[in-house]
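When the chains are written out, they are named A, B, C, D and E in that same order, and each has its own residue count from 1.
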Amino acid sequence: MFEAVAFYLFAALTIVMFTITVMTSQALYALTAMAAGMIFISAFFFILGADFLGAIQIIVYTGAVMALYAFGMMFFDTTRNVIEKRNNPRFVVILGGLAAVLVVLIVLAPIVTTDLNAHYPIDTSVGNSQAIGMVLFTKYLVPFEVAAVMLLVAMIAGIVLAGKKMDKSLTLMADEEIALMHALSHDTTEEKGGH
Amino acid sequence: MELTLNHYLVLSAVLFAIGLIGVMRRKNLLMLFFATEILLNAVNVGMAAISHYRGDYTGQMFAFFIIAIAASEVAVGLGLLIVWYKRTGKIDLDQMTSMRG
Amino acid sequence: MQEHILSILIFFPALAAMLGFVVHKDSAKAYGITVAGIEFFLSLWLWHIYDPMTSGMQFMEMAPLVSAFGINYMVGIDGISLFIIILSAFFTLIGILSLTETRRVKDLILTLLFLEMTMIGVFSALDAIVFYVFWELSLVPMLYIIGAWGGPLRIYASVKFFLYTFTGSLVMLVGMLFMAYFYYQATGQWSFSLLEWYRLILPVNYQMWLFAAFFLGFAIKVPMFPFHTWLPYAHGQAPTIGSVILAAILLKMGTYAFVRFSLPLFPDATVAFMFPIAILAIIMIIYGAMVAYAQEDIKQVVAYSSISHMGVIILGTFALNVEGISGSVFLMIAHGVVSGALFLLVGVIYDRRHTKLMSEFGGLASVMPRYATIFGIMMMASVGLPLTINFVGEFLSLLGFYKQSHSYTLVAGTAIIVGAIYMLSAYKKAFFGPVTKEENKHLKDLNKTELYGLVPLVVIAIWLGVYPKPVLEPINNSVEAIVQLMHDKAQTPEAQKRIPNLAKTGTMNSVQEAH
Amino acid sequence: MLEPVTVSLASLNITTLAPMVIAIIGALVILSIDLFKGGLHKSLYVMVSLLFLLLDLGAIVDFGNLFLRNGTILGMFDVMLIDGLAILAQIIIVAGSMLFIPLALTSKRFHEYNYPEYFALFLFMIAGFQFMVSTDNLIMVFIGLEMASLALYTLIALHNRSKSFEAAVKYFTMGALAAGFFAFGSMILYAITGSVEINQIALALAKDEYTNIGYVLLGVTFLLAAFGFKLSMVPFHTWTPDVYEGSSAALAGYMSIVPKIAGFVVAMRLFEFLVHSGVVWLQVILYVVVVVTMTASNIWALVQSDVKRMLAYSSISHAGFVMAAILIGSTQSNTGLFLYWALFSFTNLGAFSMLWVNRQKNLVPGQSSDHPYEKFSGLVRTMPMAAVVMALFMLSLAGVPPFALFWGKMYLIGSAVSGGYTVLALIMALNSAIAAYYYLKLIVFMFMKEPLPAYGRKYLMNASLSLKTIIGIAAVSAIFGVFAVNPLLKVITLFVYNSGY
Amino acid sequence: MEIYLYTALFSPLVGSLITALFGASRKTYFTGILASGLLFASFVSSLILLTYVMAGHTVHVEMMTWIATGDLYIPFGFVVDQVSVTMMMVVTTVSTVVHIYSIGYMSHDKGFNRFFSYLSAFVFSMMVLVMSDNFLGLFIGWEGVGLCSWLLIGFWYHKESATWAANEAFIMNRIADLAMLIGIFMIYWNLGSLQYDVVFAHISSLPMPIITWIGIFLFIGAMGKSAQFPLHTWLADAMEGPTPVSALIHAATMVTAGVYLVVRANPIYSEIPDVGNAIASLGAFVAMFAATMALVNRDMKRIIAYSTLSQLGYMFVAAGLGAYWVALFHLMAHAFFKALLFLGAGNVMHAMHDELDPFKMGGLKTSMKWTWILMTLASVALAGIYPLAGFFSKDLILEVAFVEQHYILYTVLLLTAGMTAFYSFRLVALIFHGDKRHLEHGIHPHEAYTFMLYAMAPLAILAVIAGMVFKTPYYQMVTQLLPAVQYHIHNHTTFWIMTIGTQLFVILAIAYAYKKYAKAVKVDKKVESGFFYQLLYNQYYIPKIYDEVFSKPYLQLSKLAWKQIDLRIVDATVDGIANIIYQTGEKTHTMQDGNLSSMLRWMVIGVVVLLVLAVAFTAGYNAVNLRAM
């Protein structure tokens, strides 16, 4: 019973929050609502016994992602009202609604399955984090490592893209200009801007 | 009333749809990225729920990796936005129509 | 060398063309003539060593190409292909000889040599895919020739030519793949070899579909009504050399393919489609002639006359007896010679006046008597006067089809009337009457170069009209083999009835049979 | 309490990771080189990348031999799956990359090649694709896909001009949406089967006899959308032309080949069992998608005024064409897919390289895109060899025999015929005819029009010996592709057949 | 004997080819003399062959294979038998004369050399036609003479009317040739051969309808060449050619080829008397029809042309009634006197500077005495006055009709004989008697070269003696091959009444013609504007009808086919399809509007569409499964 109440409560809250996120014209509201929504989602994880995931959700999303976005918002100066030109707002909502209705129509049906054996059964005897760790470092070791590389890629990408070297485009410069620029840069300290 | 997997799936679907609306509606790229986060979060709810009802860790694993992916996407996405912003001073996607046809 | 004569014939011009990139552009024509000349002599040598009494394929060569999918490089010739090959070599030579183009001659000549490769390839291919390869490849040089050296609408014309033919042949490709699949089902092995396919007896309903698929490809190439509209544009815009090759050789690919593919592979379907196709052929004959009659541009007259003549060829092909098919094959060669010559002749006048409108001329007979004479001879050949090359083919084609249907032949026979109408009226407009235009009064008669190109054609047109035997005999032997094959494969009673059995009767004594 | 897990190292088959690890190490090496000594010339990085890719390829070929001896290799808790498809796809990926990376050696300087990170990211991306194809675990697929994609977005943006940023942002955003689709689709399949491994999913579905048909379709819908995006199926293709236009021609060419083959392999793993399961819906949908993709993109390509955009649409069309192989789902068609793609990669490589060599930095007045058709006007006069080679690629793309792509086309259409999809075969054939028009258009411009003085000396701006070599390789393989067809067919059939496809 | 055969056959060809080499060069008498000489050789060879054949032999050679495929075998085979030797004699005689004559006639023409080339080529074709031993060989000659006729009618190609007439002749002949080809096809597919001997030997084995059709088709072929109604209009127009041509081709030889064909194919026609009757009826009709037109015509050459047509009608009557040898005999006699007449007309034309209207001449007998004599002689022969050639040949046909009890035909032919006499002498009277009207036009006529008159002399002699001297030996010779039927009216009274009656009738007609035209010519306006006069003068309006019903509509239809059907429908459809595809691209590529938002929307739309289909399919699937349960 508690579970049900919690579910409905948080469901309502997340839906409201996310709706605000996508509908408001205030960037700050949107960001805040999203952060709130993320936190509420972690509540589901806790309800569902995925404590580790809940923790990660809060740390990664509300901690890292939100911080990044907040930084970005400041950078882009979007704290004020965001003016967006809308075309066919109704169409968008209808399309989204239709998608929801259709998916819901299908997922309302009970899942009938004969295969009840879980591949990695949940072991209630140990803590969620421990169990997760167990699966993560056996079966999902490779994905885990690759995810790490992926994060590295993302990091490099972020650094490279946001770096100062991007300010001047060699692509758009004629050869003479590049030569000139290099000649100048030897005098100054600007060796390379990527790092 | 007992909660079933379907409840969560419906929730997941609704959240996903909200995300879709956001993706379609937003012109401000930063806020558009918010919507994509919603999409992934919606899936995470579903994953965790299935994991729970199936008694299987795979779903949680999946959700875990999805979070990782979401995080990396933010990094790259913001990087792209920054260069774009530096170049044009705007992050409105309506400004971004130099290629068409 | 004798074993590889066909490969040499096919690839020599292409190789020469590649080497030709090095040749200086002022010497390009000489180089082209040399190469085409060698090729022509090789083709004559091929004729010399060809055994006319054998009906089967000769000089066969085979090399695996994509053996996993049953595709082999396989070439060989019989009497049907032999002469078209010689004709191809011949016309390339004549074409280069009488080239008057001044813009980028080297490119043009090299393109022609490539074209020669594809033409000879098509006519000697015995593997469907190899055939297809050359068939499609031939479009490319032609596209270039029309598009780069053509008239004001050249781009439209060349692209239309390419796309139209390309579309048709892609459908044909699907048909070929289907055919190979049937073979695979029947034997468990992939094969695109024509000779292997010949051994296959297909269910009649499949034959119909396959026939239709092949038909589309061939019909556009021929071109049959109502797929012909690329032709007037292509001819109208093409430079002289392009028209000559197009009319003389490329169109023959379609009719040749009918004989090589459609007939022996799908005898029942052929019989079933005989009358619809005959109707199309008759439309081509009469309608083509009428449209030709209405033309104002003399080149278009010749272009539409090609449609009309191709109708007769189709009719002969679908006569399904030795007389008709031999006739149609012979007519292919004849029409090649005659229409090629006519296009060359039109080119002569175009070079001098840069117009092809008949209203711009008149009275040329007195200004350019030699030109008028040769034009007249070729026109009469085109009209099908006996003792000219066309007559033999036309007569045999119609004679053959008469066996299948009297009334159709009667209608189709109007070819000899309507043909005369447009040809004579065109000749009259251009050559007879007083010289009205000042520019025409001092036109130069044919010069030596032009005569080098034209006189051999005149000689051939008359020689083969008087003495067709050296050509007709090998054709006849090979055609007999095809007809017999068709008869043996025929399943429907209709087909068995329509396709004569040569083996049983031996030398037919029809006088006795008539009783 | 948890029991300690003991796993023998041998059973892990750690070597299955070798190819990807080589690529990743390569990337790290490049980064470290830069750390120690900055400002080195790009040729160094090109060659280092090339070396590592060579090693990578060697490893894959080694696996190829192993596969032929022992069959499918599983490793790392069955996450890694090295079967014939994986090997073939990896070969195409790595070989394709090896051919493209030298395109960095242009004579003009472009922004991206100033970054050692560019080459690192390039290698990371390759590793990502390799992971993507050599697993049947959806999580692994997802991570591999994202890793590759994130790197790719960056590579596009590094070209550093507004069009490439625009392209990158567009690609990224749509990619994010597609990632959402992928996640959602996987979730649904996981919900009904309790597994994220494709073969397990297939087994579970078969066991249930597709009772949860609604769920299946739902999952497939989203996955189809996700792969539709990756493989640029209409209507998920909209990024393609813009991204191709925005990125450098070299990268555009790369994108038209390597990411797609990775996508195809996963799609093959995922959809093929569904097609064979008798779910009519999927067959119909795939049929429609294939036909619409082929036809619509062809039609749009007709009206393009920029060659690169035209090639973008044409590559969409080619993808649709190849997607038919998955619909047909026979060994022959799957073989055809790889054959086609192998041949396509050479020809397309050539075509895009030709664009790359004539990329000028400063647009002439009135020029709105990098490669308008007008630029190629009368090329045969000014640079006959370039015109001939470009025409060759166009003809090959159009499927004119005997150039390379014709054989792929023929084999695929043949597989459609023998798979019983006659109408599809006809549609494929007729689409080739439509496509011929826009390829011809370029030929028309090159061979049949007068040169425009404005573009007089703009061709081969960017050419260097290595670029010319690459183009030469492409040209030779386009002409003599026919001789490669038979061995390719034999090898591919062996691999595909032994993988059970 | 073969050498003579080849000489007879090929010397004209040699002549033609040699003179052709000089075709474009300046006039040289050498060509004319050479051609004539070679023709004389041909004539001599023919004469030798004639004696040989007279002795009862025939010559049959097969020179070489021409077409052989399937079961078809056609050689270049030549046969000299009683029939062909007759034709050879006629052809070589007349053409030798015409050649020599032409040296004078064409002496002022620029195309002198060309003319002889054509003329000799014609003779060669005609020889092939008559000597061939199979139908297709005959067809070669048939078409060959058609070609030469085209060349010669259009000899003065700068004249619009000449070239028009040439084309008309050729095309009209082609119409008939088609029928002939069909006839040949029928023969081949039914008998397996085209050789005369094989065909004639087996023709009777065929079913009646087939023989009938063969007969009809061959005859249609003959109709074209012999200008029988309704394919007659070209002959009168063919008079645009030089007069020697008219004499040789359009009077003496080529136009009689049709008759020759019927005679040659007599074994076929003997099987089908009904067709024969039809032929005879048509012949009689044409005889009368042409004669009526000749009555009022004001063009000297056309009058003679109509007369030729009329005489051809006579021949067909004979041939149709089975009197093949009579037809052939008349053919021969007619050739002599008609050629003579034409050549005389040529002299007159020369003298009158190519004036053709006899009403503008008159009184020429003083200045052109010999021509007057020759033409009068020819006219008398034509009219059939005893003892000239016409009497023996033409009146014989009347007898045939009578004996065969075709009285209507007989009556028609008799009337026609009267008309013939009238118009012939109308012409002679107008030209040679009466006032010298030509002086008004400032023309001073002079007699032709003497050698031209000498050249005409043999014809004149033959016109006089051919009937009287040749009839019996000819009958004996030719009936070795042709059915030997003697047409005698056994009742002597009837015979004499008929003969004398006919003679009187003809003489009366001549007298009337002289009376009316020999003195001053009164033009009776009332008569001339009358319906019949106009009808006849306009050739029954047939050329006009042809023009309106066939030529113009054909041109219109052709234009329609080109402009409307070909360009507007067939081509437009093809372009239309391409255009639709292209326009679809033009219209829909805006879907790619470059806006990221709409791109994302497209993706969602795609998903939603798929979802809709998925839901629909699921519903359907469940419904089916539920029902199954």
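By definition in this document, a residue touches a chain if its C-beta (ideal position, glycine included) is under 8 Å from a C-beta of that chain, and two chains touch if they have at least 3 such contacts.
All values reported here derive from a predicted model rather than from experimental measurement.
Student: Can you list every chain in contact with both chain A and chain C?
Tutor: Chains in contact with chain A as well as chain C: D, E.
Student: Which chain is most remote from chain C in terms of Cα centres?
Tutor: Result for max centroid distance from chain C is chain A.
Student: So, comparing C-alpha centroids, which chain is the farthest one from chain D?
Tutor: Ranked by distance of C-alpha centres from chain D, the top chain is E.
Student: Which chain pair racks up the highest number of C-beta contacts?
Tutor: Greatest number of C-beta pairs in contact occurs for A-B.
Student: Can you name the chain whose C-alpha mean lies closest to the mean of all the C-alpha atoms?
Tutor: So the chain nearest the centre of the shown protein is C.
Student: Indicate the whole-number Å distance between the mean C-alpha point of chain B and the mean C-alpha point of chain E.
Tutor: 95
Student: Could you tell me the distance, in whole angstrom, between the mean C-alpha positions of chain A and chain B?
Tutor: Each chain reduced to its C-alpha mean, chain A and chain B end up 6 Å apart.
Student: When the C-alpha atoms of chain D and chain E are each averaged to a single point, how far apart are the two points in Å?
Tutor: Measuring from centre to centre gives 77 Å for this pair.
Student: For chain B and chain C, let me know how many angstrom lie between their CA-based centres, rounded off.
Tutor: 65
Student: For chain E, write out the residues touching at least two other chains, lowest number first.
Tutor: As it turns out, chain E has residues touching two or more other chains at 578, 589, 592, 594, 596-597, 600-601, 604-605, 607, 611, 614-615, 618.
Student: Hey, what residues on chain A touch two or more of the other chains?
Tutor: Residues 92, 95-96, 99, 103, 105-107, 109, 111, 118-119, 131, 139-140, 143, 147, 150, 153-154, 157, 160-161, 166 of chain A each touch two or more of the other chains.
Student: Using the touch rule from the top of the page, what residues of chain D touch 2 or more other chains?
Tutor: 139, 143, 146, 150, 153-154, 157, 160, 169-170, 173, 177, 191, 194-195, 214, 217-218, 241-242, 303-304, 437
Student: So which chains actually touch one another? I want all the pairs, not just one.
Tutor: A-B, A-D, A-E, B-D, B-E, C-D, C-E, D-E
Student: Would you tell me which residues of chain D are touching chain C in their complex?
Tutor: 380, 384, 395, 399-402, 406-407, 410-411, 413-414, 417-418, 422, 425-426, 429-430, 432-433, 436-437, 440-441, 443-444, 447-449, 482-483, 485-486, 489-490, 493
Student: Taking the touch rule as given, give the residues of chain D at its contact with chain E in the complex, in rising order.
Tutor: Those in contact with chain E are residues 169-170, 173-174, 177-178, 181, 213-214, 217-218, 220-222, 224-225, 228-229, 235-236, 238-239, 241-242, 280-281, 285, 296, 299-304, 434, 437.
Student: Touching chain D in the complex: which residues of chain E?
Tutor: On the chain E side, the touching residues are 578, 581-582, 584-586, 588-589, 591-592, 594, 596, 598-600, 602-607, 610-611, 613-615, 617-618, 621-622.
Student: Could you list, by residue number, the parts of chain E that touch chain B in their complex?
Tutor: By the definition above, chain E touches chain B via 589-590, 592-597, 600-601, 604.
Student: So in the complex, which bits of chain C are touching chain E?
Tutor: Result: residues 160, 163-164, 225-226, 228-230, 232, 287, 290-291, 293-295, 321-323, 326-327, 363, 365-366, 369-370, 373, 380, 385-387, 391-392, 395-396, 398-399, 402-403, 406, 409-410, 413-414, 416-417, 420-421, 424-425, 428, 431-434, 466-469, 472-473, 475-476, 479-480, 507-511, 513-515 of chain C touch chain E.
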